[in-house]
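The following blocks contain the structures, represented as structure tokens.
The same chain A turns up in both complexes below, where it pairs with chain B and then with chain C.
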Partner chain A sequence: MVRIMMGKIHLPWKGSKIKEKGMKTLFFLSAISAIIVIFSIIFFLFRDAYPIFQKKGIVDFLIGMRWYPTGQPPLYGAFPLIVDTLLVTLGAMLIAIPLSIGSAIFISEIATPRIKAIIKPAIELLAGIPSVVFGFFGLIVLTTWLQITFDVPTGESWLAGSILLGVMAIPTITSVAEDAISAVPREYKEGSLAIGATRWQTISKIVVPSAMSGITAAIILGIGRAIGETMAVMMVCGNPTYGLIPNPITNVFAPIKTLTATLGIEMGEVATGSDHYSALFGLALILLIITLIVNILATIILGRLKERQRSGSKKQPIISFELGRKIKLSFYLFIGIIIVIILLMAVGIFPTVGILALIAVIYYAMKKISIKIKQKIAFSMISLTIIIVIIFLGIILAYIVTNGVGALSWEFIATGPSNLGRSGGIFPAIIGTLYLVAGAIAISLPLGVGAAIFLHEYTREGIVTKIIRAGADLLNGTPSIVFGLFGFAFFVLYLKFGFSLLAGQITLAFMILPTIIRTTEEALKSVPQSLREGSYALGATKWQTIRKVVLPPAAPGILTGAILGIGRAAGETAPILFTAVVFSDFIPSSVLQPVNALPYHLFTLATSIPGSKQNQAGTALVLLLLVIGIYLIAILLRNRFRKKMKW
Partner chain B sequence: MILVIQINQQKEKRQLGMLVISLAVIIILGTSLFSGCVQQQGQQGESIVLIGRDSTSGTREFFWTFVMGKANFSASLLEKNSNGAVQQTVSQTPGAIGYVGLGYVDSTVKALKINNITANVQNVLAGTYPISRDLYMFTKGNATGATKEFILYIQSTEGQAIVTQEGYVPLQNTSHYNTSGKTLSGTLTVSGSTTVLPITDKAATAFKVLYPDLTVTVTGGGSGAGISAVSQGTADIGMSSRDLQSSEQGKGLVKHVIAKDGIAIIVNPQNTYVTGLTLAQLKSIYLGEITNWKDLSK
Partner chain C sequence: MTSNDKLIRTENLNLWYGEKQALYDITLGIIPNKITALIGPSGCGKSTLIRCFNRMNDVIDKCKITGKIFFHEHDIYEPDADAVEVRKKIGMVFQKPNPFPKTIYENVAYGSRVQGITNKSSLDDVVEKSLKNAALWDEVKDRLHESAMGLSGGQQQRLCIARSLSIEPEVILMDEPCSALDPIATAKIEDLMTGLKKKYTVIIVTHNMQQAARVSDYTAYMYLGKMIEFGETDQIFENPKEELTENYITGRFG
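Our next item is the complex of A and B:
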């Protein structure tokens, strides 16, 4: 600290005013980059989708029952795709919500510090597993397991997609919900415990209801993540040819085709400029609008929550108590009716009545049980949720490690593939991933840090910051495949970059931009205001203060953000699928050449090259080690940084 | 005071009720799934699972034209984006049926006889195996330089040896490839049909040995992707397992036949119901008229 204060601070000199203005403009420009990007995405999607809307009409496009763009006549009905997208998300949430909220309660209220120190990073690691690795696991293990266990014709189904998406949404929901629960003021809990409530009573009556809006936002963010996910659903959902609504609608073993999967499969192969091409952009636009609505909802709820915390919880809750109870009741009623319908269809009328009677008996039996036993039951169920999450993580990691470790060797790392990747190594893919990630971070780091500096140092909270933040939030919620389509339409076709390293780098940079803005802002916030005031008092200008006083202590935080961005960029497939990658042993010598990348290499091996089992698992393991290693560095850095920072 | 506690206890009970309900939900879902699976016991591999290619595949288009007579596929057809994916899914799924290029038949799947003719290279050459077609490479205008040499190489005796080795049907009356005095450099990009991909990949490896300064990039994506790439200039050669469609003509593309291929109809090795099908049966299966293997084995 002393060292920073002793650092040289030049007094203002003649040219410094221009410099100050210049820096401010520069930061302003990087701040509005997020908005420019989101608007150009919407613009380009709309531009390329417009012809199909004009030709077939928006309504026909939305409610058409068949998707068959190459048929005679071609059919462009997006309705089954939209329904399937919503169904797979619904299923994922039925799995993810209980597990994540249980985990969040466990981490913030029940776990001892030591257990917390293990469990929290473990769940964060789950977030670090790339989507294509989930898809690979789903394709090889999950679908086969479902097919054998439930004796259905094929395991590639709605259920498989929902399980994978559910697991993938757990870290998102858990971390936001846990933040919300931890933010409940201590006095609430203390008050409750002081009047004699048990811990479970306190958690269920005081803590969780107080954190409810945060938990709702967490769930909505999780929904956003699940709707936009591409690679995993594309690999395990079966993709029936015209898009198919399950029949009956509760048939979880029916194969389905989501919006993202349709884009992933058809986009790379469609003739550009054709009706089919335009229709795919129409799908992307629908997808973007759905996720934007979902994310705006989450932002509004989280924003109100923050406001309420600032103004000291005197304001009315967002949902009044009475209304909340009504909503809850109708929700349970709805779920109950659905379950009864499922039961009737699955087992017939008599077993249904039996099961319902059993429930009633259990319900009344439970009413007699003492509070202490209730607490025990509740706590064990919550612990069960966290155990299930850890088991998921364990199974996936164990499968990939045990199968992949046999493929690992120096040759595998350092040579190119031969025989279409069945033998040989993955060197070009590793290099390609490094190139892509390096380019992405080189572009997004200056932009993101500049934007955060502008937001935090140069402006007061107001309309400008609100708009810029909204832009970054929207960008954060945009599905990765939509970035891919935008990159294809803008860089590959419009700017004529072709399939190239450069197009992939910029697309990835846009995708990780919001992460970097957010983490940098957090880091800037943690630098005390008094340091800045001290610097100004010594006569330093704004830019001098930022450069010499604010940035050095914020650097570790910014670095953490950069590393998180790197991890995300290294694991993503969808944005580079149509902008940069080719499956080959080719190492580019210029940014205008195409490139291979680890996630794409794994995707191609897993879906197109039979007899490459060993190398699939090996590639998955290397990718996993790379991404998890990057995340681990970020987590360690953050913990170290938190401990050290004492002002 | 007592009143408050009583209310609290009531609330408590309600809360617990919720918990019990959620527990019950888990149990119910578990039992319903379980009973669902009990009901279906013994049907392993009986229902037909249709596997096909995505809409831009040349193999699909050929199959659709030749076998289906351009009638619509059954809505339960599952799309895969490459021959390898079809083969892999069929090998993992007991009731599955799929169509792939001859080169993709191996021990993990069983190829069916069609009209009582075994799917192999000899029968395609003899013209007796009914489902076969030419494989193409397309170039923008007449091939020149490295593009021309590469196509000549594949059409040569050396190239056709690779074709045979990969399980496809070679061209007849070929001559040896001659490198004398030629040097090639730069990059050559080939993309398109996954049916043609294995041939091109092997040929590219061998070709790079002849011309060490040349970089050859080979990617899949499907026939449609290959043709649109070459007409846009993002690839030098487009691989295709079908001829040009009307919308693709008039763009100055030149066709080169590089091999022949039979389309094998494959099922899972566990499938004991059939060893062969007629073309009519195959069509009914893909139309969704026959949905159970038992109906075929009668």
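Our next item is the complex of A and C:
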């Protein structure tokens, strides 16, 4: 469209320039949405928490030894809740870390390609199970099993919470750790094998130490996930009316009350604006700060790891060898001391000495054992971890399928509940979930895609992208219950939406925004730079290039991200708990009316409606099928996309 | 020469990566305490062949081997032969220097450590001796406990040579050891190789014909997975029997 007139070049650029600028501004606005959301969350939590801080003092609130809001006088000490949260997380990590790292080593180093092709999706499947389904399983099966096996008054306890959280954290830790282990250069492995080291020696002395930073980040992410988890913990930990630290502190059968569970339970019955209300926002703020710190740590480690990979192997490792050794030593010492203390408290002095002696004997026996037998032992232990994980998955799925399949019928899907959900179907809950998810994706998809386009196409890596990415990462690490509280304070109260579909949709949209941004960015990255240059060379503008050349090949990747977001939104309970849902057979006719949803329906049946066993399992099965079906589509799409996109 | 003079001997060696055959009927004997060079154009299978000698191809999925490789007249691919034991006797230096992300000291001590040696003074001895044999001692003796990643490329490669010498193998396989190095570092490694053959048998894969001519005693020319010609280096370079070899040597193709 270039006309040459008397030596002058006229470019029809005025119109297109305005359009270009407009698009850029639009994308910029979507990009900063993540930051605006995270700051609004912090602002609203702080605003509503402020009165209690002012009244009781932040320090007293933090270290107060008793949480008893209904007492006379009411007590608002967050300390036992914080301790309980850390205890349940610690227990979960003791279970999840060995199982996850064993699984990660198995998948990346030991499994044959065929076994890997089965195991990896199985663990991804575990990640797809909604937390309310875990909670349901924990409440019905796990706590009963604990109660009978250990002959305790109730199975709802610290131990139940830790087991469940441990299993839930496995997929997160496994997948990040596996990425780290697979990223260890093949040259290291070959160098080690070529000098006569066995496979196990190579794994334990070269591969795992080289992947240590990534594994650390994986564990930290797992911790973040465990601390922020609400529904499962709330359903199996017992939640005594007043928050207490277990007595003695090693009593794993004591019922406990975590930060998230306190929010989940008490938020529903509190008078808006009261001290109790404000104190709950104080708890949410504490929870948010803990998880943000944890996630920032993980992000920093992973970020530096990526940088190091990009700049080649010349640079020093993040943790230098000597320092690494010191860290390792002090870590072992620390773990050792903790184990000794726990043993002393749990079984007394003589058995402790006996156990320690046994460990010493095993240690020295191990030194004498030949290298080959050591490898056999190590490989069997690692295979055992993966078998345990698969068994967990199998038990959960088998229980829900065998118990739920009896409830499934056309009537169950297509009619409303009767007799408080004991009989009848779950049609309103299905519709509610679909409405919520559709609204959430309609809001977050344009925002997320716009943000990703801005990050990847319109800016160079620099301070701006760093801040926006940090915002998205923080949002990603924010516990879902915190979204729920924010949604309540902002949409329900401040914007006066009331308990409504709309409030739930926007809250869910914010929660899945980081997923959409990240997957879209990955998809944009996979489009080779040469395609863009080809388009520019033909005189296309930036927006034309993006629309016609970049977005079409990236579309399947973006779609995958959207589907992952949908799956997550469909399974979440905590964000809609105080923004949108009611337990009813009501089907909303406007976005300002409340809805029912599958996860909430299941939660209510399982915790408050005795005699609804079959419909509980049926609802769990439908929810599971829905969410796993969605994930399955995403995984298939991703695999097809990967195969096709070999540039 | 009888077959007993050969330290390593292959018999009708065939190798497949999945469906694709990479080596065809290779029969070859390696003479001890000499340097044998494998030359040929890219993709001719020379790296694949050298990786058979210490069973490094075991690491690769879908790699299938038929035929025999004898080391001291023992078949190293026998079902009860142990790849780890083979690799203790036949060391390897790779194309790209691959020191571990550990200290210089720990890199060299690694081979002894995995064999269960923990005694500090014997480890010290091994490290010093190996670094001296690899002509690196003087350059690094004051910074043994610094990261090996801080060394130059040539130093890293000599460190890798020291690492493979540390467990006193009989054979050292070198897979294009100088391809990532500058000419000065290359010259140092070549000097080193000539010194090594007093104690060790060296097999080197190289892209660089001058290098093969300079350092090797025997040369094998490979093309498309087949052994075209094998003989003394002087004969191969001055008076090749096969036309294919001559074309490659004279630079008419390759």
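Just so we're on the same page, the second predicted complex is superposed on the first by the 631 of 647 C-alpha atoms of A that agree within 3 Å, B and C clash if a C-alpha of one lies under 4 Å from a C-alpha of the other, contacts with A are read in each partner's own complex, and residues count from 1 in each chain.
The definition used in the following text is that a residue touches a chain if its C-beta (ideal position, glycine included) is under 8 Å from a C-beta of that chain, and two chains touch if they have at least 3 such contacts.
Since the model is a prediction, treat every value here as computed from it, not as a measurement.
Q: Of the two partner chains, chain B (first) and chain C (second), which one does A:P113 touch, if any: first, second, both, or neither?
A: A:P113 contacts chain C only, not chain B.
Q: Just to be sure I read the superposition right, which of the two partners does A:I206 touch: chain B = first, chain C = second, or both, or neither?
A: The answer is second: A:I206 touches chain C but not chain B.
Q: Identify the partner contact of A:I371: answer first if only chain B is touched, second if only chain C is, both if each is, neither if none is.
A: both
Q: Contacts for A:E187 in the overlay, against chain B (first) and chain C (second): which applies, first, second, both or neither?
A: second
Q: State whether A:P240 touches chain B only (first), chain C only (second), both chains, or neither.
A: First partner only.
Q: Both chain B and chain C contact which residues of chain A?
A: Common to the two interfaces on chain A: residues 197, 201, 205, 371.
Q: Of all residues in chain C, which touch chain A in the complex?
A: 54, 56, 59, 61, 84-85, 87-88, 91-92, 94, 96, 98-103, 106, 110-111, 113-116, 145, 147, 149-150, 160, 163-164, 166-167
Q: Tell me, which parts of chain A touch chain C in their complex?
A: 112-113, 185, 187-198, 201, 205-206, 209-210, 313-317, 320-322, 371
Q: So in the complex, the part of chain A that touches chain B is made up of which residues?
A: Residue positions touching the partner: 66, 68-72, 98, 143-144, 147, 149-156, 197, 201, 204-205, 238-242, 244, 255, 257, 265-266, 268-272, 274, 276, 332, 335-336, 339, 342-343, 346-347, 351, 355, 358-359, 362-363, 366-367, 369, 371, 374, 377-378, 381, 418, 420, 498-499, 582-584, 586, 593-594, 604, 607-611.
Q: Provide the residue numbers of chain B that touch chain A in the complex, in ascending order.
A: Going by the criterion above, the answer is residues 8-9, 11-13, 15-25, 27-29, 31-33, 35-37, 40-45, 47-49, 52, 54-57, 61, 70, 72-73, 75-85, 87-89, 91-96, 104, 106, 108, 187, 191, 194, 197-198, 201, 205, 215, 217-222, 224-225, 227-228, 232, 234, 247-248.
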